[in-house]
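Here it is: the structure, laid out below.
Just so it is clear, A, B, C, D and E label the chains in written order, and each chain counts residues from 1 on its own.
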Amino acid sequence: MSSKRRLPDLDKVFDAVGAWVLAIVWISPLLFATWAALQPSGTALGMDFSNPLTFENFVYVWNAVPWVGYFTNTVVLVTLILAGQLVLCTLAGFAFARFEFKGRDTVFILVLLQLFILPEVLIVENYAIVSKLGLFDTALGIGLPYMASAFGIFLLRQAFKSVPIELEEAARIEGCSWMGVLWKVYVPAAKPVYLAYALVSIATHWNNFLWPLIVTNSPDTRPLTVGLSLFGAPETGVDISVISAATLMTILPLLVAFLIFQRQFIQAFLRAGIR
Amino acid sequence: ATELTMYYPVAVGGPLTDVIDGMIDGFESEHPDVKVNAIYAGNYDDTRLRAVSAIKSGDPAQLSVMFSIDVYDLIEQDLIVPFDDVVKTAEDKEWLNGFYPALMANGKVDDKTWGIPFQRSTIVMYYNKDMFREAGLDPESPPQTWEELVADGKALAKDGKWGLMVPSTGYPYWMFQCFAVQNGKELMSNDGTETYFDDPAVVEALEFWRGLATDEKIMPEGTIEWGTLRQAFVQGQTAMMWHSTGNLSAVKREAKFDFGVAMLPKHKQSGSPTGGGNFYLFKNSTDAQKEASLELIKYMTAPDRAAEWSIATGYVGVTPEAYETDALKSYAADFPQALVARDQLEVAIPEFSTYDTARVRDGLNNAIQAALTGEKTPKEALEGAQAEANRLLRAFH
Amino acid sequence: MTAQSPFIEIHSVSRVFNGGNGVHDLSIDIPRGSFVVLLGPSGCGKSTTLRLIAGLETADQGTIRIDGKDVTNTPPSKRGLSMVFQSYALFPHLSVAENIIFGLKVRKTDKSEIKTRLAEALSVTGLDGCEDRKPSELSGGQRQRVALARAIVAGHPLCLMDEPLSNLDAKLRHAVRKDIRDLQQRLGITVVYVTHDQTEAMSMADIVILMKDGRIEQAGDPAELYLQPATAFAAGFVGSPPMALLPATALPNDVLPNGIPPKGLTFGIRPEDLKLSTDPASEAWGIAATVTGSEFLGAETFVYVSIAGTDGATARLPGRVHISPGTEVSLSWAGVAAHWFDRETGLRHAQATTDIAANAPSQTTEFQTSPSTVSTL
Amino acid sequence: MNEMAQLQKRRLALYGWMLAAPALALMSLFAFYPAIATLWHSLFSRGTSRRPSVFAGLDNYGDLFADPTFWTVASNNLIYAGITIPVSIFFALAMALWANAHIPARSFVRSAYFTPTILPMIAAANLWLFFYTPDLGVIDQITGFFGAEPTNWLGQPETALASIIIVTIWKESGFFMIFYLAALQTIPPDLREAAHIEGAGRWTYTRRILLPLLMPTTIFVFVNAMINSVKLIDHLFILTKGGPNNASKLILYWIWEMAFAYFDSPHAAAMTILVLLTLGIVAVIQFRLVEKRTHYR
Amino acid sequence: MTAQSPFIEIHSVSRVFNGGNGVHDLSIDIPRGSFVVLLGPSGCGKSTTLRLIAGLETADQGTIRIDGKDVTNTPPSKRGLSMVFQSYALFPHLSVAENIIFGLKVRKTDKSEIKTRLAEALSVTGLDGCEDRKPSELSGGQRQRVALARAIVAGHPLCLMDEPLSNLDAKLRHAVRKDIRDLQQRLGITVVYVTHDQTEAMSMADIVILMKDGRIEQAGDPAELYLQPATAFAAGFVGSPPMALLPATALPNDVLPNGIPPKGLTFGIRPEDLKLSTDPASEAWGIAATVTGSEFLGAETFVYVSIAGTDGATARLPGRVHISPGTEVSLSWAGVAAHWFDRETGLRHAQATTDIAANAPSQTTEFQTSPSTVSTL
């Protein structure tokens, strides 16, 4: 090795330090939650690191709520919503990306307008619709209003548009029907976008609370966040240790999945090149 | 069989749905012909939203636990029926009179009973006996008047600790009712059509509250967060706090020190508002359902259940009989703090509630917060709120 | 080229895009088993013609028949043809093998049949051992061969190729173009091949169709195009370096053809037909020129010269030639090597001859071949 | 013209409609129809048992403009958007650049940035509530370490909105980072090398090359951030409930109060329509303006 | 090539990537004002070498000097050079003019100075009138010229180019390569140019540096590389079609050089040096071969032949040749045209001569040039 090798760049050191500081600031609430969850209720804010750690909060939270059932419901719900979104947005995205029809652009703008409609204020109307459809207290009832997602249609349309038209033509010459083209060419080509969108969708609906609460009755259909809500206490103020434990329990499956698949997820985002 | 749908909120932390489910099971085994769907619906706001959504879309719901103070709005929206229409027998009428009058006050409008108390609280003063001792005060004689409160507070406020904290987010109007009534004036008329925010006694009460921070320096300035106050108390940040009796169980569990519970101090008189949730009956149900609903409410407010509920949550037992049950008696023997709320019911007043209550209340809340944060003087703030309330209530005279 | 009816008949087909581009009133007959190259500059309508045959574009007018069947409105998948795209259009998510058998699977061909055909296609294109790789793990040449394999595996009698070699580097292109030609002959299929590279067209085609602005400029076998360009455009487009095209007015009078005023004529001469001399005495006649540069390419040297009143010309000399810019030279050529075109219409003056007796032989060499080996052209 | 070709075209149009139909149907059911119903509602007065609802024209809108709370809330939301949008875009960009650079433990850094995105807002708000606790909270403990007085972050009008803004930025930046990260991959590395050879330093490269090239992503993120600056109110319910004295009340929270606490859905509807209109207009202007500047794509 | 010290000195530089690829112990001297081409197959380290000179890579070992200054650890922007990238690396959001003056602006050059230099660069590259367009609105050739303009506008004495023509089509490439060469000579700058296209290297370079596996295989002027390849690799890489390389054992004894056992030898012959004869009697000797195919390219025809025991060879014949596959021919060549290489090391056997007296002249033609026009080589 030559002794003249360039010294590590000062820029790079600053980069690393900056990135790390920001990362720690960003993750600190979660670290704090972990700390608080391991402390007895009365002392969590003390930041006294000599305190012994305790799992009593987790035990208490675990026993208080049928987590397994809620977890199952959440998984079913999230899967259902995602499946519905993927199907509907794929079809619509495909139509907007590759078909010429009168009024297409107008309709597409309408679709984008949906992004601006605030679902929170439409709860009463949507409740009535779900109820009329007979879907009350079902996973489908919770999921249906989210299935036609303007965001998803937009993303997939962009993804489909960036697929080289030759791929479609090659498939058509090889004998594919329109559906065949969609299924065999566009969908695989947009895989990174699907993954990226799935991550966003799962994170959103995993954490959705109010709507599922309103259109369900029983623990048989309710998601994890309803369990979490039992530890929120507007009349008395929450117990930080307990709510931290409950929070961790709610997001733990998601967090673990994310940490395991983070490389793939990030890669998927990277390749998606959403613009 | 009669089927009933009931919504209920959980407003204090913990697995209380299990307790309710247990009660429902008990009721169903006593009344095999009635089937009850008891549905947890989040907090009070969520529950109200849920009930409104359901009824507006024609879904059947027969009863619900909701804020006691929502009564005027529920009447206005034509959602509920008075119990007087359902209560037929003398025995039932007797039952209506069995509750603490202070708890019934909120449910009575135009001489009719619209709500039956279920999960009711009141405001009490929690204090840290250890800190009292350290400050050289008698831990067994908490302050009983405003003057004592200030004096003790001054003795306690040192080393970055505070003498007293009265929360002013979340439910500022509720806390303010304490000061006002202690200063001799209630905030609204009994028929919910008039408010007295700009009454000199009321203004003086708010001045006193603000003075605790600015003049006496026994309380921090600005608003004090409702949700984290208990944590501040159990970690010794303040020697005294005013808070809902709903906190009792939690403070008991969390506090690592000897703590006491006392009635609020008096000034011109003593007093404290009640709070919490009542049972309401919805319209559009059959007579059989109404009947069954009444049975259910009777069952859930019966002394044994009231005692059980009180022990589990810290809410007050809704009838004197509840305090006569063995369960509550033995609980109180070990934990005499639990009886303070009941004793205070003697002097309790109804929680603030008027027509168009949320708007009127918001005006008051903003006025209180504006005064506490120094944006306005108490007089200015309250006069503004009164003007606003007058405008809103004009239609209901 | 035989008496039997053409395999593809394109009859007065037009396809005009908004803006007026496209192809106009095109008629082409393509014999069965031939290798036809559509040649022309960018935007002349080559791809459009190919896509019309494939069914990826629909004709505004006219009819297209393949194998006697009118397919003008038949969708691509029903036309019984395969296609190789410039970008190869390989499905990036499928392995080589899956790419190749894509069409067979879509058409629900027998499993075992698929297997044998795949093996055959792999071995024909020399891709054995690559079948499990993804296209992104292949070199350009390999990708090209996958595209080829996909096109031939279906066994369609017609294969369309749109500039299939343009993404390959020069060395590879040379190798692959031989492969394609061999494959076509072995399988006996008809190939319609689009390129704008005249070298490719010359070396591969049975028939070259030279297009310009959506119309056919000249069609014929490669030698015909090279030796007898029908227009000045064809003369300039075919050959590298291209034929020099000079206004006849810049030439000495005695080399001009008889009877036609030089004002209306363009003179063309191929680089290999130009002779350079630095010694004015050694030649009977010559036009004066100045060397502007030279490029040594190993086997030959291109010498660029400027001629007064013209855009200059290029001479192609064998071997290595040392000649420095600025050198004055005299240019001459054999009389038969001269091409004459009408300056207005660009059309060839077939009858134009010059007075000079050619003293250099024509560059066309006829080999003595045994009677059994007839030319394939 | 070829008749078959015409027929073909019509068939394709039909396919297009058929493919889009399911999504459009659901959207109409759960978004467009309720939105139009909302518009309709906003034209009627609030109905009670004493006074049934009557057609009120634009009265509800007039009431809103006359209400001082409207102006408070609108200006709060403007400040909120005006700060959260640029700041979270800035952080998102910085994060993306760092997450894309070769730094040690890059995948930890990326995960850290992204984690807030997967935390439920309600849970996150509860954690922040305790962060902000005067004196006891982590923030005051840190500032106290440097000798600062304890601050009642959520309890004073001066800091309440800022505290809300910080939580929003924290929650959103990581989400937007992802989009920048993706866009960065599409910028060829040789542009950077070319710029360096031309003598451009890091900062010049970022300012003159990178930022303009990321413009399309910035627009996408901007529009999303703008929508979120109206949509994201979950944390308000826990942190301040809009207080003190409306100091941190945002539009959607106010709509929520009107609709579900005040039982005043006509005014809520009117307010909703106003928001929809504003968002739509801003978005259209955005797209128009910026499309001109980014046509090189 | 002159007595003065070299402009660029690369001394024992190594840059090894994980995996062992890169460049190894490279030493090159580049004279001021010369046009040096780095040639070699893909992955041989050409780009790495160029990037080392540019400062985009840092050497693990060794030193790099430019104009006598040690720049081994100097950042790219301080080395006083410009670069043209294969992809051109034009900034897509900036107009042509802004792209060109980017570096000047960064270096805070005078406004008026920028203006004159821009005008100059535009006119030199023939881009006048395009200055307000965006790169996406330009054709490939125009983009290439913008990249060129950006490189020359700064007036640096050194310009590096990494395969700047590989994205252009054949015709354009030919034109631009002349432009680049002209520009370099006009400005008198030093150019280091990377390509894997040997035609480009031959036609442009003063010095060709042929690389293989991160090391230099041969360096010299193009004629040297073509006529006297130092190794079998160089012989095969330079020239198109490439030199045929046959095991000496496949040749008749009397053409073999004296004193060296044929087992250790490889024989090489360029396509243009091969003579084909269908009449065995007409030649004194010859080796038997079978024609496998031919390609007519207009000015010449490539004939592919197979020879027993070898991979075959290509002959390059002028004009159009009709010869059908399967024809038996006899191959011969002039003695001086033969190249001999060691079979193991690949090194050239310089002294090897054959017995046969050459009857055909060597293909190198020396033009009679006036004394004032000395060769630029």
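As a working rule, contacts are C-beta pairs under 8 Å (C-beta built on N, C-alpha and C of every residue); 3 or more make two chains touch, one makes a residue touch a chain.
Only a predicted model underlies this, so the values are computations on that prediction, with no experimental measurement involved.
**Student:** More C-beta pairs touching across which pair, A-B or C-D?
**Tutor:** Pair with more contacting C-beta pairs, A-B versus C-D: A-B.
**Student:** Taking each chain's centre as the mean of its CA atoms, which one is most distant from chain E?
**Tutor:** Farthest from chain E by mean C-alpha position: B.
**Student:** How far is the middle of chain B from the middle of chain C, if each middle is the mean of its Cα atoms, in Å?
**Tutor:** 92
**Student:** If you average the CA atoms of chain D and of chain E, how far apart do the two points sit, in angstrom?
**Tutor:** From the centre of chain D to the centre of chain E is 57 Å.
**Student:** Whole-Å distance, chain A centre to chain D centre, using C-alpha means?
**Tutor:** Centre-to-centre distance between chain A and chain D: 16 Å.
**Student:** Hunt down the residues of chain B that sit against at least two other chains at once, touch-wise.
**Tutor:** Residues 49, 52, 170, 227-228, 231, 235 of chain B touch two or more partner chains.
**Student:** Please set out, as single numbers or ranges, the residues of chain A touching at least two other chains.
**Tutor:** 44-45, 124, 229, 232, 238, 240, 243
**Student:** In chain E, what residues contact two or more other chains?
**Tutor:** If we look for residues of chain E contacting two or more partner chains, we find none.
**Student:** State the interface residues of chain C toward chain E in the complex, per the touch definition above.
**Tutor:** So the residues of chain C in touch with chain E come to 166, 169-171, 174, 178, 181-182, 196-199, 202-203, 222-223, 226-227, 238-241, 270-272, 278-279, 293, 295-300, 302, 304, 316-327, 362-370, 373-377.
**Student:** Can you list the chain D residues touching chain E in their complex?
**Tutor:** On the chain D side, the touching residues are 188, 190-191, 193-201, 204, 208-209, 212-213, 215, 294, 296-297.
**Student:** Under the touch definition given earlier, write down the residues of chain D that touch chain B in their complex.
**Tutor:** Residue list for chain D touching chain B: 48-51, 129-130, 132-137, 150, 152, 154-157, 238, 240-241, 243-246, 257, 260-264.
**Student:** Residue numbers of chain C touching chain A in their complex, please.
**Tutor:** Touching chain A from chain C are residues 54-56, 75-77, 81-83, 85-87, 89, 91-94, 102-103, 106-107, 150, 154.
**Student:** Please output the residues of chain A touching chain D within their complex, sorted ascending.
**Tutor:** Interface residues on the chain A side: 11-12, 15-16, 18-20, 22-24, 26-30, 32-33, 36, 44-45, 47, 87-89, 91-92, 94-96, 99-102, 104, 107, 110-111, 113-122, 124-126, 129, 144-145, 147-148, 150, 153, 178, 196, 200, 203, 206-207, 209, 225, 228-229, 232, 238, 240, 243-244, 246-247, 250-251, 254-255, 258-259, 262-263, 266, 269-275.
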